[in-house]
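Working notes, beginning with the structure itself.
Letters A, B, C and D mark the chains in the order given here, with residues in each chain numbered from 1 onward.
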């Protein structure tokens, strides 16, 4: 079973040389730490930056330079700044190659719910609805099972939706799965030490298992 | 050249009255018009409809307006970090309309570009789409979203000149240029106000035609919401 | 009767302090020379400039700095440069206070034709259709009568239209006229030495003459 | 950072073939991609559909493509200054579609902003509106105009960096940034190519994400269409 860092590590392997990538808050942010050497990637922050770098050294924080999570950051050589309209313009026009974000629920037809829980204070969708509606490739980083022991990979989402038919791939603490165009979670890889049977039990939506399922390689 | 200079925030907001719709630039606390917000707090303008991506924190930014119950309605994409906000929302004192961030930005830009409406896929199939027109282009569904105009747009820039031209610094640009275009009256506060001619015309982000009043702000706190740093090796 | 400079001079009196103005090619360009002292005006050139200045001194031409007529120009202090989308964005959103342009024909309901003559080489509308469809205030600078002695102020345009119901005011070599919202050319002023009768004969569209019509003051 | 550099115009246009749709930046002769045009002339690419505000003059700019009968169709707002153009048009060798200048610019921008269509009042009531959908917003009629995509967009900037970021100089900006956003493949030629990091991120007009290939051009003529000057007093 993977921890959060493990999920991030596995997702990092999906990033190809030359990709522009938007990372959501939470586990997706960790992905930046595991991008392989020699792979050139530009991180987009939807508040208006291409070429996001690491956190600044202590004492070098700049109040005018933050990411979409409102954290102080730095820029890398070759970065550019733009306004919010252009930022979502490049997202909508699919210039961003890959979006990685978290989810509360994903359905077997690719719907995602990640912004609102009825009865709880709603903070808002931020840029999530724009990202999921527009991105050409979205990977969800999430826990397979919630804290009540219930599957978050469902036949249909029960929470209010963020977007429909948009998720292509999911990486959880248990597995890597594709969502097929015709629907269904296709099991691609098992986390180290996790059985297909356990993944089956942990998946409420339709799980498709074909042939031998390899264990993930993380290094 | 047309001179847009006013002496301070009080003069800039002189005709803002109860019940107006105001856009406020900034993302989180980054690039917010601190002086204008303080002037609104001091003047106790009430029943504001506030279009802003976020709602500030309890004791800074739009939070200061919320504390005095000056805001009737917030139109935002994310209103997370504010306990007083949550209390007013749950008690029904405050209306909130949540809009996807890109839709918010693009609706402002549409106003500045004279486009009455735009199409965006954001929110299709979700509660955001309720009651909205859906249209399919090339096999993909889009929502029709209307341009956003506001009685006043209050924005913050790094440098500005007497002709109203604005230059923003780093990610404090965010919503400021698109909101500057969408105000019936746009008020810009700047950290440094210079004479017309001192700025390179190629560097200007917001042309002065979109700005009605400009002043040099003072005592910028520029609070950081989340200081994240790495240690030196 | 006015010459071209006279028409430009008379139109310049319509410009108010603080106006952003777009000047078309031909007579409208001349208007810039007659803007009264103390009136602060910013000229917009729709290829992407606010704050257009006079022609450069000989030897100081800059190939990168031209106006919409493709002439070398200069910038004034406080000018700004922007792309073509923003340029027409500010035109469409009516941030430009006044547009002055030429016309081949204007109709009594405010239609304008100024881009195409059937049977002749069509050069294109350039930005004229955008300008007339969007501007909140348009003044036409034109000859009252064409070279065949025919009126260009008509009940209906005969040439292909550039825009409909958009023209508010016309200044010709003979007169200043408003176009009323309900239709009709309302005569406001006569050019020096021109009679109301002559203007009537020169106007094929509905001319409205009420009371004494004063002679223009040009200085 | 992702490196977008190619060595020259020939390499940049290596996969442009007969029959493609190409956007060409520039207004008149100002800010046109001279090196790319010359490479297209040399390579004798045929049957080009050319989206460009203007059509050059007889012996410069797009006029060079016209002279060799490389252009099948021009989509422009104004095609005045070109005798060979006129001859081909009248003889039926060349198709022309005329579009209002603002509509042309905004349709390019729409592509770059992922908006499938936009509304503009330009052309309502004229032959431009024929066959187009008209929609009324707040009492005013607008045409629905579709986003413009091109197989290739060829643009010219003043400075660029290896990451593809572009800075334009003065009014040579014009259509270049909006077309840069609208190319399936966007090729930028620049007067000066610098290392990533040499440009101030706040000064960049076109972020590198929109640019696929960049090279430093050579032998810029930068011809002036109409030299207008005043005498020194």
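Criterion: contacts are C-beta pairs under 8 Å (C-beta built on N, C-alpha and C of every residue); 3 or more make two chains touch, one makes a residue touch a chain.
Chains and their UniProt names: A, C = CoA transferase subunit B; B, D = CoA transferase subunit A.
This one's a predicted model, so the numbers in the text were calculated from it and none came from an experiment.
A.B. asks: More C-beta pairs touching across which pair, C-D or B-C?
C.D. replies: Ranking C-D and B-C by C-beta contacts puts C-D first.
A.B. asks: Counting only Cα atoms for the centres, state how far subunit A (CoA transferase subunit B) is from subunit B (CoA transferase subunit A) in Å.
C.D. replies: Using C-alpha averages as centres, the distance is 29 Å.
A.B. asks: Find the geometric centre of each of subunit A (CoA transferase subunit B) and subunit D (CoA transferase subunit A) from their Cα atoms only, then give the gap between the two centres in Å, rounded to an integer.
C.D. replies: 36
A.B. asks: Can you tell me which residues of subunit D (CoA transferase subunit A) touch two or more of the remaining chains?
C.D. replies: 106, 113-115, 120-121, 168-170, 173, 201-202
A.B. asks: I need the residues of subunit A (CoA transferase subunit B) touching at least two other chains; which ones are they?
C.D. replies: 49, 75, 81-82, 85, 88-89, 91-92, 134 - these are the residues of subunit A (CoA transferase subunit B) that touch more than one other chain.
A.B. asks: Pairwise, which chains touch?
C.D. replies: Contact pairs between chains: A-B, A-D, B-C, B-D, C-D.
A.B. asks: Would you tell me which residues of subunit B (CoA transferase subunit A) are touching subunit D (CoA transferase subunit A) in their complex?
C.D. replies: 106, 113-121, 137-138, 140, 142, 146, 167-170, 173, 201-203
A.B. asks: Over in the complex, which subunit A (CoA transferase subunit B) residues touch subunit B (CoA transferase subunit A)? Could you list them?
C.D. replies: For subunit A (CoA transferase subunit B) paired with subunit B (CoA transferase subunit A), touching residues are 45-49, 54-67, 69-73, 75, 81-85, 87-89, 91-92, 111, 121-130, 133-134, 160-165.
A.B. asks: Would you mind writing out the residues of subunit B (CoA transferase subunit A) in touch with subunit C (CoA transferase subunit B) in their complex?
C.D. replies: Subunit B (CoA transferase subunit A) reaches subunit C (CoA transferase subunit B) through residues 1-3, 111-115, 161-163, 165, 181, 195-197, 201-202, 204, 207-210.
A.B. asks: Report the residues of subunit A (CoA transferase subunit B) in contact with subunit D (CoA transferase subunit A) in the complex, numbered from low to high.
C.D. replies: Checking each residue of subunit A (CoA transferase subunit B) against subunit D (CoA transferase subunit A) gives 18, 20, 40-42, 44, 49-51, 75-82, 85-86, 88-96, 134.
A.B. asks: Which residues of subunit D (CoA transferase subunit A) touch subunit C (CoA transferase subunit B) in the complex?
C.D. replies: 27-31, 53, 76-80, 86, 89-90, 98, 100-106, 108-109, 120-128, 158, 168-178, 205, 222-232
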